[in-house]
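In order of appearance the chains are A, B, C, D, E and F, and numbering begins at 1 in each one.
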Amino acid sequence: MTATQTGNGARWVDIERGIIGRDIFVSDEIYAREMQQVFGRAWLFVGHQSQIPNPYDFFVSRMGAESVIMTREKTGQIHVFLNTCRHRGMKVCRYDQGNARVFTCPYHAWSYSVDGNLTSAPGGLAGVPQYKAIYHDELDKSQWGLVPVAKIANYKGSIWASWDADAPEFETYIGGMKLYLDAVLDHRDGRPGGSEIIGGIQKWKVPSNWKFGAENFIGDLYHITSHRSVDMVSIGPSGAGRRDTPIVKHQGAKRPPPFASIGFPNHGHGVIGNLPHYEEQDYVPQFTLTPEVEEYYRHIYHARVANLGGQKRGLAAVGTIFPNLSFHGMQPRALFTWHPNGPREMEIWKWYLVDADAPAAVKDVLRRYYLRYAGPAGLTEQDDMENWNYATSASAGMEAGRYPYNYQMGLGYERPAPDLTDAVYTTAVTEQNQRIFYQRWAQYMDAESGDRLHPERNSNFADMLARRRA
Amino acid sequence: MTATQTGNGARWVDIERGIIGRDIFVSDEIYAREMQQVFGRAWLFVGHQSQIPNPYDFFVSRMGAESVIMTREKTGQIHVFLNTCRHRGMKVCRYDQGNARVFTCPYHAWSYSVDGNLTSAPGGLAGVPQYKAIYHDELDKSQWGLVPVAKIANYKGSIWASWDADAPEFETYIGGMKLYLDAVLDHRDGRPGGSEIIGGIQKWKVPSNWKFGAENFIGDLYHITSHRSVDMVSIGPSGAGRRDTPIVKHQGAKRPPPFASIGFPNHGHGVIGNLPHYEEQDYVPQFTLTPEVEEYYRHIYHARVANLGGQKRGLAAVGTIFPNLSFHGMQPRALFTWHPNGPREMEIWKWYLVDADAPAAVKDVLRRYYLRYAGPAGLTEQDDMENWNYATSASAGMEAGRYPYNYQMGLGYERPAPDLTDAVYTTAVTEQNQRIFYQRWAQYMDAESGDRLHPERNSNFADMLARRRA
Amino acid sequence: MTATQTGNGARWVDIERGIIGRDIFVSDEIYAREMQQVFGRAWLFVGHQSQIPNPYDFFVSRMGAESVIMTREKTGQIHVFLNTCRHRGMKVCRYDQGNARVFTCPYHAWSYSVDGNLTSAPGGLAGVPQYKAIYHDELDKSQWGLVPVAKIANYKGSIWASWDADAPEFETYIGGMKLYLDAVLDHRDGRPGGSEIIGGIQKWKVPSNWKFGAENFIGDLYHITSHRSVDMVSIGPSGAGRRDTPIVKHQGAKRPPPFASIGFPNHGHGVIGNLPHYEEQDYVPQFTLTPEVEEYYRHIYHARVANLGGQKRGLAAVGTIFPNLSFHGMQPRALFTWHPNGPREMEIWKWYLVDADAPAAVKDVLRRYYLRYAGPAGLTEQDDMENWNYATSASAGMEAGRYPYNYQMGLGYERPAPDLTDAVYTTAVTEQNQRIFYQRWAQYMDAESGDRLHPERNSNFADMLARRRA
Amino acid sequence: MNTRESAIDALLLQREIETFYYVEAELLDERRFEEWLDLLTDDIVYFMPLRRNVKFGSQDEAENSVEGVDAAWFDEGKHTLTQRVAQIKTGIHWAEEPLSRVRHLVTNVQVTDAGPGIAGARELGVKSRFLVYRNRVDDETDIFVGQRADRLRKVDGAWKVARRVILLDQSTLLAKNLTFFF
Amino acid sequence: MNTRESAIDALLLQREIETFYYVEAELLDERRFEEWLDLLTDDIVYFMPLRRNVKFGSQDEAENSVEGVDAAWFDEGKHTLTQRVAQIKTGIHWAEEPLSRVRHLVTNVQVTDAGPGIAGARELGVKSRFLVYRNRVDDETDIFVGQRADRLRKVDGAWKVARRVILLDQSTLLAKNLTFFF
Amino acid sequence: MNTRESAIDALLLQREIETFYYVEAELLDERRFEEWLDLLTDDIVYFMPLRRNVKFGSQDEAENSVEGVDAAWFDEGKHTLTQRVAQIKTGIHWAEEPLSRVRHLVTNVQVTDAGPGIAGARELGVKSRFLVYRNRVDDETDIFVGQRADRLRKVDGAWKVARRVILLDQSTLLAKNLTFFF
C-alpha cells in the first residue's frame, strides 16, 4: 500500500511493514474523522427482522454513535431512520423496542409516520400541530421527515444500512464473505436463513477503542493463551475446554479443508474458519453433556448433508464484517456490534442466534452456554475486555506513542484462497486479517478514496498477492 | 441577514431561511467563542438588591461560566467583582452568601476591601501581609485589586453587569423590552420596583446547552403540548390547568390588546405577552382556590388602576433578555439565568419574586405554587429539561449534524408592534422571537460586529420588516 | 529573559515583569506540549532502591502521565521500562509491586525479561509463543523489547530516569542543588545515603494542575498564613506549632547561616533552607515530647559533628527539583512527585524517609508525625490541596484569563549565593524560586531550547544577576 | 413491666418501623405510587430545604432554607404529592417516560421519641438515612444521599408519615430534575 | 403461643436472616468464594435479567427479560458459579487479576413469607437491596445498586440460597464486565 | 438461661450496638465532633491502611500496609483525633471551610465476639460497612465505601470504640483529602 493509494490513511497505517500507530486508538481527531469517513459511508448492521415480527413493531438500534429506529410498516417493509426530530432534535423514541404507528416528538408533537398509508412517505412528517394556522401551509413537510438511511438491505433476516447513497450494493460490499455470513445466519440444517434472535440484547460500555474488538474477532487466534483460565475450568458443552472442537478423530474420515484465517483485502472483512468445501465432514458429536442437544445436532447433520448436497459451504468460527459487525459462528453463535462512544469507549451490543425451529430444550441449553461464555458475565470474554481496556489507555502515552504496534505476524505469507475469487488465506496463526482490516480502514479514512470504496475496483487483493514472498 | 452582516455568525445561523445548524449546541469551539464574544460583551443579570439589604452583605453569583461576588459597601453602593485572587487565582469567597468587610484569600491572605473607606477603591487590595518587608513597597496595589465589572446597573432592584466597557448603557441595551421587565419587577399594584426575592436560590445542573433554555422562554408557545400531563392533573392556583388564564369572559368587557410574541430584533430580546396598552382590562379573579390571595389580587387590581391611570403598560407571561436571563412574569413569577457549564451542560439559577409588602399568607400561597410549577421538582418544568437534555445530545451526531433545525414558523409574518418603536409582533404561535435571539447571537459571535452591538445602530429591525411577505 | 531566548515559553511566562498567564494551568494544548517538551526530556524521579531490595523485585511507578516498571535484575542492576506491551500495548504489569523474573503480557503472552541471563538484553523480548511457526523467525525480537528509559541514575539510592538521550548527566542536571538533596537522602548522622523508604506509598488524585504543587514547595514560604489552623492546634513533635524550629536560643551560640530561598536559575531547582556552611550549629532539642527520639537526635547530632567535620553542608526545609520532584527535608521527611493527569488533575505520590538504622521506636514516632502532618489526611497539607484545587479552576475563566498571576515578590533582590557557583538567594520571603522554576519551564517548552537544556550552557543565572536592582 | 420486657418492646417497635420503611421503599420502587400515598397522612408536611455554603458558626441560621418561608426543593402536602403521582400515571410525563429505575436504600433507622411511650406508641419521631439510586434510558445515573426526619402517626392501627423533612446532601442539585419521591 | 411471643419469633428469624446475609457478604468480599458456594443449594437458580426501557403500561410484560427463555446477564446454576470461582482461583483470570476490591452493602432485608411458619420455618422468601462497590487497579470504580429476591431453604439446619433473582437498576450495563457475585 | 432467652440477649445486644453506630453517625454528620470524641476510649487505635494491587496469592502479606510499621492513611490515637476536631473548629481550616456535607450510611453490623459473654458483655468485636458521602461547595462529591472492624469496650456503663481498623476499598485514593472521620 503506498501513500498515494491511501492518502491520509497512510499517516497511521503502514501495511507493507506491518506497523500501525497507537494514536488511531485514542486520538479525538481521528475519531471524529472515523465518524464521517467510516461510519458515514460503510454498511452497518442494524438488527434482525425477527426482532420486529409484526406490523408497526420497532427496535431502537445504533449506527456508529447515533441512535436509529428500525421500523416495520404495515406492508411488512422495514425502514431505518435517525432517531432525532427535525424541528429541534429531540430524540423522538426513547424506548428500546415496542409497537407504534406513529412517533410523536415529546417537545412540540411533530409526528412521524412509519406507514406509507398515513402519509406520503414512511418516516414522513405526518402531523404538525396547527400546521395551517401557524405554518401557513408553507412548511414543506416532504423535506422534514425523519432522516432515512440512504441504503438498506435485508440479508437472510439481518438488516443492514448505510448513510452513503454511493455505497456499493450490499452483496457487492460483502463479497465472498457472504459464504461465511451464511454459515452464521442459515439454519444448521443448511436451509437459508432460519435462525432467529434470542430475546434480549446485551448492551454494555467498555473503556476501549471500538477497533480492538473488531480486530480481535477478525482473526486473532493468537490470543487464546489469554483464555487459559477458562479452558482450565472447562465450560465447554461437552465438558472440556470452552467449546467443542469439531475435528474428526478416526482414520480415513471425511475432513473439512484446513482451518485458516481467510481475509478479503478489497472489502476489509475477515474470518477464521474452514476454506470452502463441497461436502460435509463426518459427523462429530457435540454438546455431549446434554444428549437431547447432541441428538439435535446429529439429526440436523444428516438434514444438512441432504439439503446442501454438493453445494459450496464454509465454516466460520469468528469473523468481522468491516467495520464493526463481528460474529461467533459456531460456539457460541452470535452477532455483535462495536459501537463507538468516543475514542476511548465502546458500547457492545450482542444478539444471540439459534435455529428458529429448534426444540425449546435445545434452545435452552444453547442459551445457557452462550451466556456463560460470552458477554460481560461470560467467563471467556471478560478477559478480552480487560485486555482491550488497558491496551486503549496505554495507546495514549506521550512516550508510548512513539512506538507503533506490531502487525507483522505472517506478513507476506498470504495465499489466494481456493474457491474464492477475492480472498487470501493463511493456515498458520497470522495477523493477515488484521492487516486487511486496517488497510481497508485507512482507505475509508482517506478523503479521496472514491473508487476504491467499491471492492470490485479496489486493488488491495492484487497488491497483497504481488507483495508475497517467493 | 447576509454573510457580510454577520460574518462568522452566518456560518451557523441563516435567519432568512429560518435554518440553524446543530453544532451551535454542542461544539467546543463555538462554546469557547461564546464565552468571549457573548458573555464577555453582553449585559448579564447578577442578582437582586434585596438579597444584600445590609452594608457588607454579599451574594456570590455567576457571569457566564465564572464566579462573581456581588457586594454592598457601607455607603450602600453595590459592586460586582470576579471571585478570584489576583495573586494565584484562589477563589477568595467560597460561601454562597454572607456579610464581610473584607475578603481574605485563604492561600496567602491578600485581602480585598468592599468598603471605600478601607482602601482607595472597593475591591482594592487592602492588605498584603509583610507588604513592606517582602514587596519593598514596589507592588502597585492599585493594579492588583479584585477585577471589577466594566459596567454595572441597578434597574428597579435587579443588578446587571457587563465585562465590556464599550457596551451600550443598560437602558439602551434593554430598549423597549423595559416595559415588560417592569411588568415583572414592579409591584402588582403598579408601583415601580416593589418586588423582592424569596429567600433561597434554586441552583441545578442540566445536561443541556444553555441556549435551549433561552430560546424556550423567549417565545416557544408551541411546546405547550409537551405539558399536557401537568395540565391533566391541574396544579393551577384556581384548580384548572397549570395557571390562571386572565381572559375576561363577559360581553363588552375591557380587554387587553391581543396576546402575542413581541420581539426586539436590534436587541435580541423577546417576550410572550400583551401589546402595550393604556388601560387595565376588567378584573379577572385569580387564585380562587385561596380566597385571601384572590382578595389580595382584587385589592391591588384597583390600586393598579389608580396608580397607573393612563400610563403605558405591558403584560408579560414569559420572556428572555439576551443572552441568558429569562423570566416568568405572571404565574409563576421568577427570574432565572442559564449559566453555561460547557456546551452540553448548563446550570440554572432561579430567583422567585413576590410583592415585597404582600401579606405573609399571600406570599406563602404564591411560594408553594411556584415550587410545584417550576424548578427541578416543578411538575411543569421537569418536562422542559427532559426535552432540552435529549435535544442537546442529538445535536452532536455526525449524520444528524447534516440536518439543521427548523425555525421557519411564522417566518415573514412579523409586524411592527404598535406603541413600540423597536419591536415586531405576531399574534399567532411563531418562532419569530427565536429567530431574533439567534440573529442577535450571531452578531455577537461575529468578531467585527462593532457598531451593531449598539441597538440604536443595528439594522435587524429594519431588515426584518423589509423581508416581510407582502 | 527575552522572547528570542525562550521562544514559545515567552508567550506564557514574562520573568522580567514577574507575570505568568493563567492558561499554563488549564490549557489542553499547553499540557500536551508539556508531556513532550518537559516530561519527555527532563530527569524524573522514579523511586528508591530500598523498595526493590532483592533480585527480580519490581516497583511500578510513573514518569509523567505514563506507567513504568522499575526492576532489579539478578546482578542487582536497576532498570526502568515503559509498562506497555510492544505488540498491542497491553499494560504488562498491573501490580503495584512484587517479584518476577519475567513480565508476561496477558493478551498474547509476549514475555519480557528483567534478567540479562534470560535473553540478550534486560527488558528484551524473551518469549514469543510459536515464534518459529508463525513469525517464521523473521520478527526481530531485539527491536521489540520493553521500551527502556534513555538514561537512568542511582543517586544515593534514589532512582532517576529520562526519556532523552541528549539529556545532561544527572549530576550536571542537579547541579549545586545536590547539597540539599544530600540533606534529604543522607543519614542524619551525616553518612551518605543511609535513609530508606517507609513501606507504603501514598497515592491520591487532586483536582489541580501539577505545577501548583511544584511551585509551592520550591519556595512558597509566604503561604504559611494558610496553615494557621494547624499551628493553632499544635501537631509539632515538641508540642508547639507544626514542627520544631531548630533555632538556637542562647547567647553566643553557634548558628547556621541565615534561612533563605536558594534557587538555581540555570537548572530550575530551588530550596528553602540554610546557605551552605562548614560547621554544625549548636544542638537544639527536637521531638521533646518523645524523649527516646530526642535522645536519638542528640546522639546523631554528635555523630554528625564527628562524621562531617569541616565538610560543606546545607539544611533543606522544602524544595523542588525541576520539574516535579519535591521534598520535605526536616520535619516531615519525604520525597513526592506531582504526576500530571491532564491539565486539571494531578496524582501525588509520597515516599516517606527515615534513617535506615534508626531504632524502631524512633521510626514509629517519626512515621506517626509524618502521617498527621502530610498527605491527604495530614492536618497541614489538606489546606494546600484545597488552595491548589480552586486556583486551578479559577485559572480557566474567560474573563479571569485576561489577568495573569503575580510573581513579583522580591523581584530583582536576588543575590549570588555564597559557596555555591550557580545559585542565587534571598533571605526575605520571596518568589525568586517560583520565577526560576517557570523560567526553566518556559525553556523546556521552547522547541528550539537546544543548548539551554544543558545547565552549564544556560544563561539564566547570569541574566538574573544582570537584572538585579542596584 | 421490667426493663428487659421494655427493652423487648423497643425491639419490637424498631422492627415494626424498619418494616414500615422497607415496605414504603418497595412501593416506591415498584411504582405502586397510590399505595405509597396511603402511607401518608392527609395533613402530611413534605419538606426538602435548599442547602447553602456558609461561614463557620452561621450554619444553624443560614445553612438550610426555612420551611414555610423560603424557597425549597419541596414544601408541600398530600394534594401536590397526589398530583405528582397522577402525572406519572398519565404516561406522557416525559421526564419519567420511560420510567426511571429507582431504588431506595434505607439505613440508620433511629426512633428518637415515642408518645405516649414505647409500648402503645401512637406518635413517633424517626430519623433514617437514604441512598436513592436513579438510572434511566441509556446511562442517566444519579445518586442522592441524605437524611429523612419523620413524624409517624398511628392512624386506624397503621403507621403513617405525618411529617417528613428531607436533608439532601447537595447545595447545587446535581441532577436535572426531581421526578421521584424521597 | 401469644402474639408477643410470635412477634419475638419473627424478630429472631429476622436477625438470623440478616446475619446470614452479612456473613455471605463477608465471605464474598474476603474472597472466601468456596465457603460462599456452600451457602448455595446444589439446585440454586441464579438469575439476573436484562432491563429494558418500554412504554408506560407495558413494563410488566416487557421491562425485564424472561427467565429460562431470553438472554440475561446471569441465568445459571451452581455448576457454573463453581466454575467462576475456580477461574478466579487460577490467578490468571486477567479480568480479576489483580483482584478487585469488592464490598457488598446489604439493606432493606424483608422476610416476605415463611413456610410452614415463622417458628420452625424451613423455607423463606426474602427480599433485600444491595449496593455493590467495585474498585480495582488504579481508579476503576463501579457502583451497582438493585434488589435481590431470594428463596432460602434450610438444609441440615443451615440456611442456604435456593433461588436468587437479581434486579440490577441499569438497562445498558455501565461496567465492562461482571466478574463478581451479587 | 435457655437458648431462647440467650437468643433474645443477642438481639438486645445487636440493637444496642446498632444504636451506638447510628448515634455515632449522627454526631459526626451534625458536626458534634466533641461529643463524638467522647465515644472513643482514651487509648483508641485508629488505623486505616493503604491498599495495594498484588499478585494472586500474596494478598495476605502484601495487600494492606502494616499497622505500626508502614505508611497508612491514618495510624493515630485520640490526641491526634482531638486535634483534627479542634482544627475544624478554628473556622479557618480551609479544606473544611465551608464545611462539607457528610453522611455516614452504616450497614452489615456484625457482632463477631463478646467477652465475657453476650449477657453482660464488657468488650465486643464488631464489623460494619460504611458508605460515606461527602459533598461540598458547588459540586465536589466523593463516595467512600469500605469496612470498619472495631473493638468496643464498656466504660462506665457506656460503649466506646477502643480500636477501629478502616478498610477503604481504594488503592489510589480517589479524593483530594480526608478531612472527615470514618
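The working rule: a residue touches a chain if its C-beta (ideal position, glycine included) is under 8 Å from a C-beta of that chain, and two chains touch if they have at least 3 such contacts.
Given the structure is predicted, the values throughout are model-derived calculations rather than measurements.
Asks: Check C-E against D-E and say which one is joined by more contacting C-beta pairs.
Replies: D-E
Asks: Can you name the chain that lies farthest from subunit E, using the mean of each chain's Cα atoms as its centre?
Replies: The most remote chain is B.
Asks: With chain centres defined as C-alpha means, what is the inter-centre distance between subunit B and subunit D in Å?
Replies: 34
Asks: On a C-alpha centroid basis, what's the spacing between subunit C and subunit D, in Å?
Replies: Chain centres of subunit C and subunit D, defined by C-alpha means, are spaced 51 Å apart.
Asks: Roughly how far is subunit B from subunit F, going centre to centre by Cα mean, in whole Å?
Replies: About 48 Å, centre to centre.
Asks: Could you list the positions in subunit A whose residues touch two or more of the other chains?
Replies: 94-95, 106, 205, 226, 383, 386-387
Asks: Could you check subunit D for residues that touch two or more other chains and list them?
Replies: 8, 11, 53-55, 92, 94, 97-98, 105, 107, 131, 137, 139, 143, 171-172, 174
Asks: With touch defined as at the top, which chains are paired up in contact here?
Replies: A-B, A-C, A-D, A-E, B-C, B-D, B-F, C-E, C-F, D-E, D-F, E-F
Asks: In their complex, what parts of subunit D are in touch with subunit A?
Replies: Those in contact with subunit A are residues 92, 94, 97-98, 137, 139.
Asks: Name, in rising order, each residue of subunit A that touches subunit C in their complex.
Replies: Within the complex, subunit A contacts subunit C at residues 22, 25, 212, 222-223, 225-226, 383, 386-387, 390-395, 397-400, 403, 405-406, 408-411, 413, 428-430.
Asks: Taking the complex as given, what residues does subunit B use to touch subunit F?
Replies: 94-95, 106, 205
Asks: Over in the complex, which subunit D residues touch subunit E? Could you list them?
Replies: 8, 11-12, 15, 19, 21-23, 25-26, 29, 31, 91, 97-99, 101-107, 131, 133, 135-139, 141, 143
Asks: Please output the residues of subunit C touching subunit A within their complex, sorted ascending.
Replies: Residue list for subunit C touching subunit A: 35-36, 39-40, 63-67, 82-91, 94, 106-109, 129-130, 133-136, 138-139, 144, 147, 163.
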